[in-house]
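Each of the next two complexes has chain A plus one more chain, namely chain B in the first and chain C in the second.
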Partner chain A sequence: MSAALPEDAAGEISGRKRTRRLRLTRVPAPLLAGVVVVSFFLLCAIAPEAIAPYDPIAFDYTALLSPPSLAHPFGTDQFGRDILSRTIAASTIDLQIAIFATIAPLVIGTLVGLFIGYYGGWADILFGRLVDLVVTFPFLVIVIAIVAVLGPGLFNMYVAVSVIGWVFYARLTRGEVMVLQQYDYVAAAKVLGYSQARILFRHILPNAARPVLVYWMTDMALAILLGSSLGYLGLGAQPPTAEWGVLIADGKNFFSQAWWITVFPGFAIVLCGIGFSLLGDGLADLLDVKR
Partner chain B sequence: MSARLTEPVLRVDNLGVRFDTPRGAVNAVSGVSLTVGAGEVLGLVGESGSGKSVTLRALMRLLRRNATASGRVIWRGEDLLAAPERRLREVRGREIAMIFQEPMTALNPVLTIAQQIDESLVAHRNLDERARRARAVELLDLVGIPSASVRLDNYPHEFSGGMRQRAMIAIALAAEPSLLLADEPTTALDVTIQDQILKLLLGLVADLGMAMILVTHDLGVVAETCDRVCVMYAGRVVESGPVSAVFASPRHAYTHALLRSMPSGEAARQPLTPIQGQPPRLDRPIVGCAFAPRCAFVMDACRAATPPLMLVGEGREAACLAADRLAALETVA
Partner chain C sequence: MNKTGYIAARLLQIVPTFILIGLVVFVLTRLLPGDPVSAMLGDRATDEAVNRLRAQMGFDRSIWTQFLLFLERAVTGDFGSSIAYRVPVTRLIAERLPVTLTLTGLATIFALLMAVPLALVAALNANRWPDYVIRVVFQVGLSSPIFYVGLVLLTVLAAWLRIFPVGGFGETMLDHLWHLFLPAITLALSFAAVIMRNLRASLMEVLEAEFVEFARAKGLPRQIVLMRHVLRNALITTVTLVGLHIGALLGGAVITESVFAVPGVGRLMVDSIFARDYPVIQALTLVLAVIVSVVFLVTDLIQMTLDPRVTR
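Now for the complex of A and B:
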């Protein structure tokens, strides 16, 4: 057992990177579709002015409530604003909602679930009761209640969603960690003398992360729906900010004459939601190398 | 494969493990004492639930939260059961390593073999990245994985069961431990691979001067590989001694019955001789010898009190009141 250095050791270190890259060629179809849809919305969110044909807040009194045409593919509203441009502009806010309403629950919930699942004890019992409490209330109802107390607006909506949302991530992670703890590789890591932090973050967390990431994608779709619902109710994004829920609310008074004001932002919500769901599904397939 | 009479590196004194379950306490292990000398291979045999794996895990304090261990585990003069967590972490991996039964779950699926060996080297050896890489290649070579330098960058799912077992052994050996605890390392493998892995382990024990405790339910494995054997039943050691002597003339009725229940090479298509009945439940107090209800040699005294381990020969102990009768049986036959 002498530590003689083989001559080709340096060559092998570069070979390690090659095998990594090859792995990415096996991309499942749902993932590809999800990536395409979500990237499209991301593009709209990042540079709406580059894609939108008109200024989303410019009034045009020569084209009030005009139905879809070549000049206005999605039609215009009662002020002559181009619906296509407004839908594109709204994706900025809605994708922000998707991320900001889920990132804090994702991080906090995963960490809490990791520790509770690993250490258990009275914290686990307490957490169990908390979960019972949270799941008994309809999610939307608690969020609306919290927003009503804090006052309407996007930031308060993020706070309200985060206060409740982390529980679902924590529950998911906790369950996963408890299963993983039975696995021999966790025992092996202990018996190799690794620190608890190393075992938690290097050996348990990456293995528990798969369902959490998949759930995160679905949760982003749900967050957009929630953001739109609250926008529609006037509790989320405030007019004149273009947000899909707000756009739908704007159009509801004209629905019998001008369906396009409501329908096209609705389509955007559906498409974006499907995009995230496909991304989640595809990610589940891609990460499922072992089972 | 003679028993080496060296100063023991590991001495287990009166080890007990109790699990507190919602339905009451279960005494999975009670009063287990054993020793392992430097470079010695000790077999721990018994049927499922006899406490052999729990004993092994208790040595490294790997038990679940609801378990309490009592007694002493003396490793090089130091009680591991009483050692602080920090000291225990130094012993784990560096001085005592462990390999597991299930090669499918004993490797972390999201890390490459290289990363997993490297991690162990970082934790226990003082080497730079180049040297660690070289050492990892060397370790895979040592455990007989062909084209080690290429396979190193594979993930566990790209390995077969036997190769995973080899990789696991390589990770365990990274820090050159003095004692290897092997928890049924061949049970999940098919027979040809079993043989290869056992040969590998024995070769490593001899080359590296390690001691090994091999937990198994396979008497054939014990006969092939171990210097000494401890037979466990219902959480207790019922017989211990050099493998050849114990197998040739058992002094405990359970060992006797166990050996008789093995298919013999000569008589094909002969019915086997099983041990009738079931092992006792461990969540109730056992009065007398735990094997008494299934024993062919049972007498009244067996049911009255648990027979203590008694010296029955050179380096041999058995906890059986019928030890003399079993000895006589051998001389007649």
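Now for the complex of A and C:
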């Protein structure tokens, strides 16, 4: 386990500290690539109208189902809507999914894992049973079952994913905290009489947070896969909301004549997923997180 | 702990798991907006019909009695009638479950057939171009949603090239397998990526191990060292991975079956949501979770025979 120690625990590990500082000057290539890809999608998500060449919902009856061309690089759909513009417009929803489907699990799971890992006891035993139980439900199946109860839609999808998703963050944080607790610097902080809140949030959390941050990146990639899948099935974002999965479902009936309606939004999903994965890999490299 | 003791403990452990699965599914139905009975019967149901079904389902009794009643019914396989199909839910699932299990089984075989040789190539050429190419291809596979991969394969191989059927399930046994081929490949691709990444890592670890060096030093042929010593040991983690992945595979089957119109439980689940067929959703959630926990159990037992260190 190569969990690097914080600055105030230096002393014997000054050698390692030096290598860490050296490493910070070199940005890992995957991280750079990930930052570029994700920033591109963020830009599309924030200002789609500035990047998209056409209005994503404007009909154009002079260009129905036209194949990719200079005027429409990704082609048009059965209403003559520009697929490139629609794909760009949809990134707003899909990046929202990446964030909204993971933010509550991230915050709640990390806090719960922090306390359970630190205090242990009956809560820890109970949590162990909960993890065993949660993993027996196929994730997609339990999410679909919850969406079935709440009704299809983006908000209900966030709720369904959050109800289950926090457990994985809590499990990860708990494991980290258990390891960190055995380090001398935590014992030192206790001996110094620091408050529990200070030890938890100033000493343990910053170190436990690094693998969680890496996992968050992967989880955002997974959230986009899940969100677009539910959108495709009609359980997530509802048409006419432009979302990559919904766009693909829109085009599936035209697939053999007009493959471009489905293929290009799919590219966006794949590229965005790779972007977040690279970001995760690069961060793991940079923060020295073993996976 | 000895071997028999371990097996007995592991077998007993599944009983509380089953009960807890039942509890989750029970609570889930309780969260339905409004009364489950009126949700099932619809707005136009007469008071008399509502009361009859309420009594029949035990809703007039205490919540604990209801839960026990629910468990009792689940154990005997009585999940009531489907609202959409008007047949017993158990029959509906019994007809479709074999299809889904065949699909996931085929997908697992395909995934292993793809992943194992490629992982070997990647591990033996670690950090050289074959390794990079294989890893990039699998990273793309990992980031591609199943429904998208399915649609692309369906269009290119079924609609354009007409090599495979466009969907459905066929008539004879052989026809069934033929119809399941493309869906199984679709489901296998992302799974293969997961297996390959894991197996590559464990292969590289085993290749460094002292016993492998010893086997080489003994003068054993390269092939024998690779197959008997390296692959055998590295595959132990793969067995665990395949077992732990069953949930993701069943979830993937839900999407694959919807794309290819395969008449399995996954498609039944999605259809049931739109039909508000709650008894079916409830029963399927329960059945799939039970399948996963049984597979976990079997995985543990297999791992124990492969790697005797587990019981110690």
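Criterion: the second predicted complex is superposed on the first by the 263 of 291 C-alpha atoms of A that agree within 3 Å, B and C clash if a C-alpha of one lies under 4 Å from a C-alpha of the other, contacts with A are read in each partner's own complex, and residues count from 1 in each chain.
What we mean here is this: contacts are C-beta pairs under 8 Å (C-beta built on N, C-alpha and C of every residue); 3 or more make two chains touch, one makes a residue touch a chain.
Quantities reported herein were computed from a predicted structural model and do not represent experimental measurements.
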| item | value |
| --- | --- |
| Touching partner for A:31 - first (chain B), second (chain C), both, neither | neither |
| Partner chain in contact with A:187 - chain B first, chain C second, else both or neither | first |
| First, second, both or neither for A:195, with chain B first and chain C second | first |
| Touched partner set for A:97, first chain B, second chain C, both or neither | neither |
| Chain B versus chain C as contact partner of A:120, first or second or both or neither | first |
| Chain B versus chain C as contact partner of A:45, first or second or both or neither | neither |
| Complex interface listing, chain B residues touching chain A | 57, 60, 62, 65, 88-94, 96-98, 100-102, 105-112, 114, 119-120, 123-124, 127, 129-131, 133-135, 137-138, 142, 149-150, 152-157, 168, 171-172, 175-176, 207-208 |
| Chain B partner contacts - residues on chain A that touch it in the complex | 1, 3-6, 8-10, 12-13, 15-16, 19, 120-121, 183-185, 187-195, 198, 202-203, 206-207, 289-290 |
| Complex interface listing, chain C residues touching chain A | 17, 20-21, 24, 28-29, 31-33, 139-140, 142-148, 151-152, 154-155, 159-160, 244, 246-248, 250-252, 254-255, 258, 269-270, 272-274, 278, 281-282, 284-285, 288-290, 292-293, 296 |
| Chain A to chain C touching residues, read off their complex | 129, 132-133, 135-142, 144-149, 152, 221, 225, 228-229, 232-235, 245, 248, 252, 255-256, 259, 262-263, 266, 269-271, 273-274, 277 |
